[in-house]
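Right, one structure below, let's go through it.
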C-alpha cells in the first residue's frame, strides 16, 4: 500500500519532468520504473489509471472526452493484466517444474553413468547432450571379464520426461542381464522382449549394440533400427557406413537380430551416433552426413574424447545453441602403435 | 436486508446488462475506476461462460457487509452441463479458448474471494466477492 | 500487417463512439478487442501508441505536453510488453511440458497398476490421487498362492517427477523379489538395500508392508517410518492407531524391521494411508486425525471402495480442490458373515 | 561507407547516452515511435548488462543496408567475464534479476536479428539488428 504511493510519486516526478523538458534521462527512468513496477506486481491497468489521474491533475482543463478515452484504454489493459498475472503464476510453476526436472536429471545421470573402459589398444571418446533437460539418448560401456568391451547406444523415439522414464527401464533391464551375456544379437533380442512387454505401444527405441574383442580386433554388432555409424579405414583414409538391419525394439516380441562383424587395423575407427547428430538443423537445412565426415576428417588427429567434444561444439554453434534432438557421439579408435613404446605396455 | 439484482444471460446484450448492473453497484459502493473495471471484467467473463457453454443461467449482484467491510458479491448460476474436472478448469494456462490468463483462474485472481460448485449435468454456481479497501 | 489495420480501425471506432457517448456497450467491445489483440500478439505498447495517435487525430488541439506524456506511458508499457511476450513462449513451453508429463503419467500408471485381490472374506477399497500430475505415492496388492494377500503402501519424501522416477525403481525392485517372499520385515529389509544403493542421499521413502492371512484372519505388518493407519474394532466401534516403528527406507543399509501382527474379527477394518490424507490443509488448518475418523465413522456402512472415494471427495472439497500432497487411502474390511449366505461360498 | 558511433559504458549516464544515440539513429532512419522505443529499450538492456556485469565495454550503433532494406545495428562488446553457458542464458524465464521477460531473450524478441559470441574470461559480443519495414 505504502509502496504503491512511493511508485505513484515516482511516476508523477518522471511524468512532470518529461512534460516540461523531454529528455532521454526521463525515458530511461521510465524503463527503470517499469522494471520495478513489474517486479512489484503492479498491473498495467494500474499504470494507465495512474497516468490518467496525473494527466487530469496537471491539465485540469482538458476536454472531458479526453479523460473519458482512458476508460477504453484501461479496459483493454485489464486484458493484458490477465496475461500479466497469469504469467507470474506460470513463471513460478515453471520454476518449480525446473527444479523438479533438475533433481530428476541428477537421478538419471546417477542411474545412467558409465565408465569408458580403459583398454590399452583403444582410444575411446563419448559425448551425450540432452536437447531438453532429460535425455532420451543412452549409451553404456561395459568392460567384460574376457578383455572385450561392450558398447550400447540407444535413442528413444520421443524426448523429455517420458523418454527418460523409458530409458530407466532399459537400464534396469540391462543391469539384470547375466554377466556373461555379450552376444549383441541376443542382448537386443532380450531387451526387445522387455520393451515390448513394459512400454506402451506408441514408444519405440532404436539401439545399436556392439562388442569389441581386443584379442582379434574384431567388432561384433547388431542394430535395432539405429542411426548407422561409420567405420574409418586408415589405409586409404575412407569412411564407410556401418551396414546392418534390424527392427526397432518394442515392435514385435519375436524379432531376431542379425549379427555382423568388422575387423579393425591400427588407426581405424568406429564412429557411433544418435540421429541427433545428423539431424542438426542449421540455417541452411539439415547437415549432410558428408558434412559431418568432413568435420571429423578435419579433427582426426585429436584424441577421441577431444574429437567428439570438438564436433559437438561446432554443431552446437551451427544450430544457434538450440539442439533439436538429444545428441550422442562415440568414437572408438584402434591406436597406432608407436615403435619402442609398445614394448613398455603389456597385456595386449 | 440485502437486495440482489439478477440478469438472465441469454444473448450478448445480457452480458452488457450484467456488466452495467455490476458497474453501478461498484460505483455506488465507492470502488475506484480500476476496481470498477476489474469487477466488470469479472462479471463479463462469468456471463460469457454462461452465454457460451450453458443454455440457461443468470448473474446476480449484491452488496455485502461483513463486520466492518463492504463489498460486491457476484453470483453466477447456470443449469448447464457442469464441469467434470474442477481441478483442471482452475489450472493456469489451461483454457485455450479464454485467451491468455482469462477464464476462471483469471477471475479468481481479480477478485478477493472465489468459490465454485459444479455438478455434471446439473449446473455450476460460482460465487465471488471483492471487498472495498 | 493487414490485420493490424483492421484492429486499428476497430479501436478507432470504439474510441470515437465512446468519446461521443460513453456506454457500457463500448466498454464491452473494448474487452473483446483486448482479447482479440492478445490472441493476435499485439503488444501493450502498440495499443498505447495507437491510443496516442487516435487522440491527436481526434483532438489536434491538445497541448504538446499531453501528447508527450504518452512517451513515458509507452516506455513503461514496453516493459510489460517484455513480460507479455515472454508469457507467450513460456505458455507454449508449459504446454509442451504438460504433454510430456501426461505421457509420462500414462507410463507410470501402466507400470504401477495393481489389481485388488478378490478374496471372499475381504472387502478392499483403494484410492490414490496425485497432487501434481505424477505421483510419489505408491500402493500395490499381490494375491499370493497361499491365499494370503500382500499390500504395500509407500510415499516418497518429495513430489513430482523425481518422486515418480524413484517410484519406478521401487516397482522394479519389488517385481524382482522372489514369488514366495512375503514376510513384511524381510521385504522392507530387501527394498531398503535397493533404495540405499540406487537413490541419492537426499531422497527417502516411507513404506508400510502388510500381509493378510485369510486362514487365521491375522494381519502381519512392518513399517518403515510410514504414516500410521488405523484398526477399527467392530465390537466396540473403536479406532486404534496401528502401532509400529521402523526407519525410513534409504537411510541405513543395515536397518532391521520388526514385524507386528493383529487379528481381525468380522466387521473389523484396516485403514492404511499416506500422510497426504492427514496433511489435507483446510482453511481452518490441517485436519486432525480425529476429524478423519469422524468422517470414516459417518460412512462406515459403505462398501470399502465407495468409502475411500467418499472420504477423498470430502477432503478434496475441504481443501478447495488443491491437493498439497499425494493422497492414498486403503480400506480392508473383514466382511460380516450373513447367515445362510455363507454356506453358498466355498473356499474359506 | 558505414559510420559507426560508439559509447563506452562506465556508469549509468553512459547508458542514457547510448540510448540517446540509438534513438537519434532510429529516428533519422524513419522508425516509428514504438519501434524507436523498442530499439532504445534493447540498447538499454545491453548497456545495463555491461554496466552491471562487465568492467569495460561499449555499445556501437550503425546504420546498415542490405539489398533494399535499411536498419539499425547494435553492437555490444565487453571484456567481461564471459558467459559460460549460452544455452542457459538464452533460456526463457531464466534471469531472475532482469525482471519478467527482460534480459537477452527479451532483447532477441524485440529485434529482428540476434547473435551472441562469448568466451569465458575474454568477453562477450552481441550483435543485433532491427530492419525498417
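Should a chain be cited, it is by its letter among A, B, C and D, assigned in written order, with residues numbered from 1 in that chain.
Going forward, contacts are C-beta pairs under 8 Å (C-beta built on N, C-alpha and C of every residue); 3 or more make two chains touch, one makes a residue touch a chain.
In UniProt terms the chains read A, C = Phosphoserine phosphatase; B, D = Serine/threonine protein kinase.
Predicted model only: the values in this text are computed from it and were never measured.
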Which chain has its C-alpha centroid at the greatest distance from the C-alpha centroid of chain C (Phosphoserine phosphatase)? D
Approximately how many whole Å separate the CA-defined centres of chain B and chain C (Phosphoserine phosphatase)? 28
CA centroid of chain B to CA centroid of chain D, Å: 45
Which parts of chain B, given as residue numbers and ranges, touch two or more other chains? 37, 41, 93, 99-102
Residue numbers in chain A (Phosphoserine phosphatase) touching 2 or more other chains? 27, 31, 35, 38, 71, 75, 78-79, 83-84, 86-87, 90-91, 93-94
Arrangement of touching chains [line / ring / star / complete / other]: other
Interchain contacts (touch definition) - all pairs: A-B, A-C, A-D, B-C, C-D
In the complex, chain B residues that touch chain C (Phosphoserine phosphatase): 15-16, 19-20, 23, 37, 40-41, 44, 86-87, 90, 93, 99-102, 115
Which positions of chain A (Phosphoserine phosphatase) touch chain B when the two form their complex? 45-46, 49, 71, 74-75, 78-79, 82-87, 89-90, 93
Taking the touch rule as given, give the residues of chain D at its contact with chain C (Phosphoserine phosphatase) in the complex, in rising order. 32-34, 37-38, 41, 92-93, 99-102, 105-106, 109-110
Per the contact definition, I'd like the list of chain A (Phosphoserine phosphatase) residues that touch chain C (Phosphoserine phosphatase) in the complex. 11, 14-15, 18-20, 22, 26-27, 30-31, 33-35, 37-38, 44, 47-48, 51, 55, 58-59, 62-63, 65-66, 68-69, 71-73, 75-80, 83-84, 86-87, 90-91, 93-94, 97, 100-101, 103-104, 106-108, 110-111, 158-162, 164-166, 168-169, 172, 176, 198-200, 203
Touching residues (chain side chain C (Phosphoserine phosphatase), partner chain B) in the complex: 24-25, 27-28, 31, 35, 38-39, 87-88, 91, 94-95, 320-322
